[in-house]
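Dropping a structure here in structure tokens format, bear with me for questions.
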Amino acid sequence: MSLLKKSCAELVGTAALLCTVIGSGIMAENLAGGNVAIALLANTLATVFALYVLIEILGAQSGAHFNPAVSAVMLWRKELPAHYFLPYVLAQLLGAVLGAWLANAMFDLSVLQFSSKLRGGSGQWLAEAVATAGLVFVILRAPAGRASTLVACYIGAAYWFTASTSFANPAAVFGRMFSNSFAGIAPASALPFVVAQLFGAGLALLLHAALGERASAASEQAS
Amino acid sequence: MSLLKKSCAELVGTAALLCTVIGSGIMAENLAGGNVAIALLANTLATVFALYVLIEILGAQSGAHFNPAVSAVMLWRKELPAHYFLPYVLAQLLGAVLGAWLANAMFDLSVLQFSSKLRGGSGQWLAEAVATAGLVFVILRAPAGRASTLVACYIGAAYWFTASTSFANPAAVFGRMFSNSFAGIAPASALPFVVAQLFGAGLALLLHAALGERASAASEQAS
Amino acid sequence: MSLLKKSCAELVGTAALLCTVIGSGIMAENLAGGNVAIALLANTLATVFALYVLIEILGAQSGAHFNPAVSAVMLWRKELPAHYFLPYVLAQLLGAVLGAWLANAMFDLSVLQFSSKLRGGSGQWLAEAVATAGLVFVILRAPAGRASTLVACYIGAAYWFTASTSFANPAAVFGRMFSNSFAGIAPASALPFVVAQLFGAGLALLLHAALGERASAASEQAS
Amino acid sequence: MSLLKKSCAELVGTAALLCTVIGSGIMAENLAGGNVAIALLANTLATVFALYVLIEILGAQSGAHFNPAVSAVMLWRKELPAHYFLPYVLAQLLGAVLGAWLANAMFDLSVLQFSSKLRGGSGQWLAEAVATAGLVFVILRAPAGRASTLVACYIGAAYWFTASTSFANPAAVFGRMFSNSFAGIAPASALPFVVAQLFGAGLALLLHAALGERASAASEQAS
């Protein structure tokens, strides 16, 4: 399959993911009557469902990264050819913005807008590092054929156990800058989030190496 | 299996689906004390569970379309014999009304009633196109044997990320006209929804072609 | 495996099921601050999880009926030996009461108590017939190895789309008489519920016959 | 795989589990506006997702106990070598505290703190015995390859049907002493909880023996 088609799959998948995250955030905030926990529950369910679906239907095509930090890890592990990296990341960033704009349009909001929600502080940055380390760790250790379920479930948990509601994805940070709603993040808050995420991704590589590569399928079977 | 039995399966499945969507909407609105987000969460869970179950138990019989837009796509792709189309659609529409009436009867409401809930505007119509495009895209790209889970999860996400709560099904529009409750839609709002849905279904065919047919099972295994 | 051990499995499973339904109802009512939709959401999740787990861990032993209506259907279809029927039903009824008592004890309520919650009327009775018909239909048409997931998901939907919150089980009616809480039912309301359930079970047998036995695994594969 | 790496897996998994339980509890309490049922729903979802993920990604390495009561049962059944037991339990206890501290740090709370939430009384202690008996019973009878889903779903139900919200794990008790939040437990309440849990684990061994070992995979297939 050509690199063009693979990059298209990354663009479509990341757009759909961001459209889900932002759109369900807008819907949830509109309906929840001020109870943020209910809004985040709805946001969580929608995100978990969408991640599972998108990884299932696009994984065979592009690997379903939808996330520059994941693509960087795959590059580092030589599981992604070097010349794929830039097209993948550009497709992810472009898809993220298109997804945000589509959500804005569906909810009759001005298409071009920027978030004014400041997010930051040492707790939030630690949370982003933890969230991304967990995500990469899960991807590296997922038994064959289960990455779709495991990534979706992991993010469902991380929305709640991290103080930052787990962006864990530079493309998600980028797209969510373009929506002044529940899921948004102010452009001024973006850079430290991305730095923390890349730091977390590196941490996961170390932890994965320390624990040893996953046992083979055979020993799994036996366990 | 005869066309008659297949059409019966479409009727039973669509009736059960609409009965679930409308019945759980009534129950949720009755109990939620005015918090629409909680009502939609309950409505979402019931719909996701029902879709998964119905596709699992009736898929082998009729393909479990329960949706004229899906049947039209299958006809276009020559995966549904031409003379099946009209019986399928009639069974779906009849099932949808019967499902609505059954829900009305269970909740001690007058069986014959019409929704007065107007739904529309460019955001809602865009949302229906997006919702249906996503649904058809998921169906066309679902790995073998996973359509039940993927369609259910997709709709669970789309209830929240689309501004229209994702009808995505002309038979659902038809049935929901017959219930003046949470899930209803006024007859006057129906036609533009259906047009948007068919437009979205066409869009999905284009997008699917652009990305290329799904990779084979073999390459999936390898991924 | 001996009939005694099979009956023990039915007793343990039905006790665990009723303890879950009643216990989670008490917990949910205690915590939900009067919002019945939130209480029913929690009650639904706990029941869905428990049903899935119990059918998985006890299905191989006894078939995991936990429900006299299901045992009656299996007897009718000659899938349950005739002399198994009475021990199964007695084990289910005894288990149901023990489960209710265990829930009462855990929540520091008097162990022996009776519900005063009257449930009835034509809508509720229709709902019980529909709920049980659906349950039996799902069991009869479940693809091999999926009954645990399908039954759990079906009940999760039926808690919301039926006006009676779907008891769908004479043993559940019996056990829930012994708890004056969220999930309870007054003894005076029990008989019509059971009659409606048995009527619904019969209806499912008819509908299943009308649609034809499930397609074979081979044709499923091909679909 | 060396005992050191296995113990590391137990430490990492137990840390992640406790970080999820405590972190999602803090987040849920912060957002739920005083509605404890909504907070417990979020806490439940996060825990279920995390348990499933952790057992999947670490099960092949260490068995994914994350729980001294489970390790004790495996020791008793000679499924865990005797010299593994102490390192496992120490890793679990250390992991539990580290997980609590990580949650505290992410939410900008003082890292070292102790819970002041007293939990106890006969109902709560009975609940802990029931919760742990159920957990061990599920583990002992889980069909091959399904322990991850079954344990996660079981705990999801037990959070609601037991009066104590189901700690069911001495390491969880230990870790939750170190967080003065939603999920915490006062050190003074810890010992009776652990005693009840060990009693419950023993009960499960008895019940499992009484019902007979699980039927073989062959007879499962046939059922």
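All chains are identified by letter, namely A, B, C and D, in their written order; residue positions are counted from 1 within each chain.
In this section, a residue touches a chain if its C-beta (ideal position, glycine included) is under 8 Å from a C-beta of that chain, and two chains touch if they have at least 3 such contacts.
Note that this is a predicted model, so its numbers are computed, not measured.
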{"item": "Chains touching both chain B and chain D", "value": "A, C"}
{"item": "Angle of rotation relating chain B to chain C [CA atoms, steps of 5 degrees]", "value": "90"}
{"item": "Interface sides of chain A and chain D: same vs different residues, half threshold", "value": "different"}
{"item": "Far-end chain from chain B, centres as C-alpha averages", "value": "D"}
{"item": "Chain C-chain D separation of Cα centroids, rounded to whole Å", "value": "28"}
{"item": "Chain A and chain C: spacing of chain centres that average the CA atoms, whole Å", "value": "39"}
{"item": "Multi-chain contact sites of chain B, meaning residues that touch two or more partners", "value": "35, 38, 41"}
{"item": "Chain D - residues contacting chain C, complex", "value": "34-38, 40-41, 44, 48, 121-123, 126-127, 130, 134, 137-138, 141-143, 146, 149-150, 153-154, 156-157, 159-163, 165, 207, 210-212, 214-215, 219-220, 223"}
{"item": "Residues of chain A touching chain B in the complex", "value": "1, 5, 8-9, 12, 16, 19-24, 27-28, 31-33, 35, 38-39, 41-43, 45-47, 49-50, 52-53, 56-61, 63, 102-103, 105-108"}
